[in-house]
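What follows are several structures.
Both complexes shown next keep chain A, but they swap its partner, so chain B is in the first and chain C is in the second.
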Partner chain A sequence: MLTYIVRRLFQLIVVIFGVTIITFVIMFLIPGDPAQLLAGKSPTPGKIALIRSELGLDKPLYVQYTRFVNRLAHGDFGTSYQTDRPVSAMLRENIPYTAQLALAAVLLELIGIPLGIYSALRQYTFWDSAYTTTALIVWGIPVFVMGLFLQWLFGLKLNLLPVTGAGDLAFGIFPNSWDSFLHLILPAIAIGLVEVAYISYMQRAAMLEVIRSDYIRTARAKGLSERQVVFKHAFKNAVIPVMTIAGIDLGALMGGAIITEAVFSRPGVGQMIYSSIGARDLPVVAAGVIFSTFVYVIANLIVDLSYAWVDPRIRLEE
Partner chain B sequence: MTEEVVATAGEGAMEVKPLSPWADTWRRLKKNKLALIGLVIIVIFLLVGGVQEIANLLGPQNASETATAAQRPWWQRGYLAPYDPNGGDFHAGPAGPINPPSMKHLLGTDYLGRDVLSRALVATRISLLVGIIAVGIALAIGLSLGPISGYYGGAVDSVVMRMADIFFAFPYILFVLLIMTVLGPGFRNVFIAIGILSWAGYARLNRGSVLSVKQVEYIEAARAQGASDLRIIFRHVLPNTMAPIYVAIAMGIGGAILTESALSYLGIGMRPPDASWGSMITDYQTYFFAGQWWMLTFPSVALVVTVFGFISFGNGLRDATDPKLKE
Partner chain C sequence: MDELLLDVQDLSTHFMTHAGVVKAVNGVSFTLHRNETVGIVGESGSGKTVAALSLLRLVPDPPGKIVEGKILLKGRDLREVSNEEIRAVRGNDIAMIFQDPMTSLNPVFKVGMQIAEAIMLHQDKSRRDAWRIAAELLAKVGIPDAESRVNQYPFEFSGGMRQRAMIAMAISCNPDILIADEPTTALDVTIQAQIIDVVREMQAQYNSGVILITHDLGVVAEIADKVMVMYGGRTVEYGPIDEIFYNPHHPYTWGLLGSLPRLDLVEKERLTPIKGQPPDLLMLPPGCPFSGRCGYERPDECPLTMPDTEIVGPEHGVRCWIPNDERVSARSALPRFVARSK
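Our next item is the complex of A and B:
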């Protein structure tokens, strides 16, 4: 287990190094002079030169890169061109909203697990084919299409739920009132429903594979009841791989549910990045990319390590 | 195909000719109705998108000339649709520019009096191009690095796979946004960015298959005959590791279409007045909530149906080529 952890940590460092270097290269080597951008509408050459030396843009590239990483390590993501505020403060304000949405969506998508198992146990029945077809269709629905139709149905037609914004938060990421809980429902469903379809499809496939394996045949042959075979023997092996998908989803969503936040005009990391694109607010977009990547990689690491901990076949593989 | 008929119907149980891998896959695939529906959708999508691409290639190359496109002979208009997709008409129908579906405009008209059907048809081309270009780039990179990585192993393998890890970790849409923030909009850049970002999946997938194939006797035989490494990799190993790749291509095209539509929805990618399904959806969302449902609904349906086609066919193909599921 220890060698496995060390190996995965080493991979993590390589990935983080690679991501920062690629982001750095894109930010600084492709056309457009950040100093000129920062200097505003009518820059004097003197002002540009001043900003250049302030930002260290006149130094050799490797010095600039070291500075860039050093600042990142201290949580300094630079200053937004648009709002003139530190990007790290903007991130801190927006993270709780995104975390709330991500958690709600992932909890919702776990519904896919029982649905998938039920389908697999009734393979080739009408229920199974009807459900599988529905799942395949829903799987392909883009989140923004789902979001717009949910807004139309539950907001406009039924007038049941709020369609934009988010309420205030309490205790970190929890809704502080019934109203802010209601604000969470539609965005969470927009993401969750598509993922339920995907998860249940994967769960069905995983269950079908497990249920055909030799040890299940043995369990049946010993005369165990179908309930015991499914829940005591098949369940764990079929569910763990699918749980890892949910874990990785959580990591991906924490990094910013940009499309959902855009559709529902919800505050969050994604919204912050989205509203910076038009203004070409590079520090904010770059910070968003780096932040999301970090969260995603770390979530992946946690998922992999817990997978290896639960299932020894993984850590002994290589 | 004819061989298959001979093999199954002609000779009886005594001496059954083994089916070729393709015939075997097809035999199993055609039992799967969902996969067949997916295949039909894909064929229609390829035809519609292909026709629009040909029309676009034949049409005028200068954008300023397209204003009068409807007055040209049909083969020089740059599109094949009942109306000019970008030509507005404030008297498109009795209600002014915005009209619900009717016999004249089957899917209605939008806020500039443009024909929704024509716009959705022409937009098929964008989805087709993104699918082909993005997946093409990803395959070219992935299928060069993957087999080399798997075949040589060691340091080469480590370097390629760590690079794959890095590209895997990038949040797709955000990274394209970063590139677009720097490069500015333009849909070709989007295609290329999607392609460059998605090679890692193909490389990893193929590396795995290569690892299992390279130990097989016929590879040793080829080596004994003095074939070069490159020849062994691309002539002998690669062709035998393609089945999972075909599945990944089908899923990858569906994914690329989804990504492009999401980027267009966010306003990156297509520049007005040209339409992609995603940009039509953004464009029409306010009208959708005002009760003019047809503008947004039809591009959404086209998008969902197309992606369903690729996912459904891809899943069917996976089941049909998976040796574990053979009876």
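Our next item is the complex of A and C:
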């Protein structure tokens, strides 16, 4: 098990190399020159050249990349082209907002599990068909459309909840004031609702399959009550496939967070990446991408470990 | 005769599907006594499993429903009792071993726990005692190293061992009745014989009645006292084992016996499979389900109404429109049967 974790962490380093190289190449290929953007309204060729050599942009791409990796190895993310501030400080400021949003979305996503199970146990009823249809529709809604709709409904029409920003300063991964909690609600729903629909649909399908399986019949034939059959014998088996799906789906969740932060003008790593792409602010974009990759890989590792914890077939095979 | 354990009268179980009503079990009756083994034979889809599941009210509902009949367990009709009461019967009075040992155990729980669970449920035993009993049972059904095996998961067991574990689970509460639904079909031949032996030993030890479902008449010949032959959800013939083997009256039974390899014949005789397809349970004729495939049928009688049971020997009944004497002469013309009659 330990060697497995070590191997996965090693993989993480390789993946980070991969995504940073891709980020560099893409940023290099897309049109737009950061030096030109920074030179202001009346750029002179001399001024642009000066900025370019200051930032090291006159060097070939591989030199820029090697420098970047070298700094990264010393824990230095570099400085922002745009603000001239250390990127690590920007990350530190933005991470709590995104962490809050992601955590809220994941917690919301978990509601899908009981919903799916409930629906499966009431198969063939009106409730089940109504819920399944709704879930399928919601599942098809893009995150930004959902975000705009929620802003329109709860902000403009009903005037119930704040639709932009993140409220008071956030310090940890939990909202530290009522105001920041209120600001979290709509963005979290914008990401989370689609996930709830998706997870509950998958959970329903998994439960329906398990409940028809032979070992559930064995459990009933023993004389166990329906409660024990469902919550002891069926639940553990039905939640295993959903855990895998949820793990894979983390990518969508991260993408959703970036879009949602942009839609709600909410500070966070997504917003940070989003605005620095516009300014061709390579160090900030790269740092944001590394952070997302890191979270994604670690979260997947946690999912895999808990998967092994639930399923003895995986735990015991080395 | 030993105590009458089970008296099934006119049992019918249907599935209400979108395509129509699937009449999986149609007016089946039989009795089971202590120390007795009843074999239920019939080809795939004849309703054997559904009949057995009906006894425990385990048929999935919807779409399945027991629409008719009585299931008298020592005189008490299991169709009438509450859900709570039927749960107390399951695993305790009537236990069942299923067709496929590879999928019948829960993959994420230890084997010991799955056995101990039944013990704790029906008997007043602590967790520790239940686990100890589980290990003893595993040893009893012939699993070596039972002490450590209780702590393993089903995927660490071979198919034969899983079926032994299922048997251990089934006998854990000394049930009066043990239903074994094709307990050996999924296993290879040497293991099959061992499993049948285990079932037989357990029956001897606990004086239970056994219902053995199979399409292997060889297994039936070995351990059953009586046989019920099912076709298209109906009992077409029943009787003591010798009667069925040496005095079969239903053309379908002849077919089954014809497809049985025989060790007492010198030559490797060719097996004659029954011609035609099993019936479509959605479109059963109102009469005999075997009509159309039978070969001896009377088109103006057989498909229209089901004949009543005719007694043709001691405890031996058959449901067939062909008059008795014609049946006997038709039978004596069958090549295999000539060799069989003593």
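The definition used in the following text is that the second predicted complex is superposed on the first by the 223 of 318 C-alpha atoms of A that agree within 3 Å, B and C clash if a C-alpha of one lies under 4 Å from a C-alpha of the other, contacts with A are read in each partner's own complex, and residues count from 1 in each chain.
Following the convention adopted for this analysis, contacts are C-beta pairs under 8 Å (C-beta built on N, C-alpha and C of every residue); 3 or more make two chains touch, one makes a residue touch a chain.
Keep in mind the model is a prediction, meaning the values are calculated, not measured.
Of the two partner chains placed by superposition, A:Ile111 touches none, neither chain B nor chain C.
Of the two partner chains placed by superposition, only chain C is touched by A:Tyr124; chain B is not.
With both structures placed on the common chain, the touch criterion links A:Ile302 to neither chain B nor chain C. Judged by the touch definition given at the top, the superposed model places A:Leu182 against neither chain B nor chain C.
By the document's definition of touching, of the two partners only chain B reaches A:Ile277; chain C does not.
Of the two partner chains, chain C is the only one touched by A:Lys236; chain B is not. By the touch criterion defined above, A:Arg220 reaches chain C but does not reach chain B. After superposition on the shared chain, chain A has more residues touched by B, the comparison being chain B against chain C. Taken together, the chain B residues at the contact with chain A in this complex read 34, 162-163, 165-166, 169-171, 173-175, 177-183, 254, 258, 261-262, 265-268, 278, 281, 285, 288-289, 296, 300, 303-304, 307-308, 310-312, 315, 324. Contact residues on chain A toward chain C in their complex (touch as defined above): 124, 212-225, 233, 236-237, 240, 310-313, 316.
Residue ranges of chain A in contact with chain B, taken from their complex: 11, 14-15, 18-19, 22-23, 26-27, 30-32, 132-133, 136-137, 139-145, 148-149, 151-152, 156, 201, 209, 252, 255-256, 258-259, 262, 273-274, 276-278, 280-282, 285-286, 288-289, 292-293, 296-297, 300.
Against chain A, in their complex, chain C makes its touches with residues 53, 56, 58, 60, 62, 87-92, 95-96, 98, 100, 103-110, 114, 117-118, 121-122, 153, 155-156, 166, 169.
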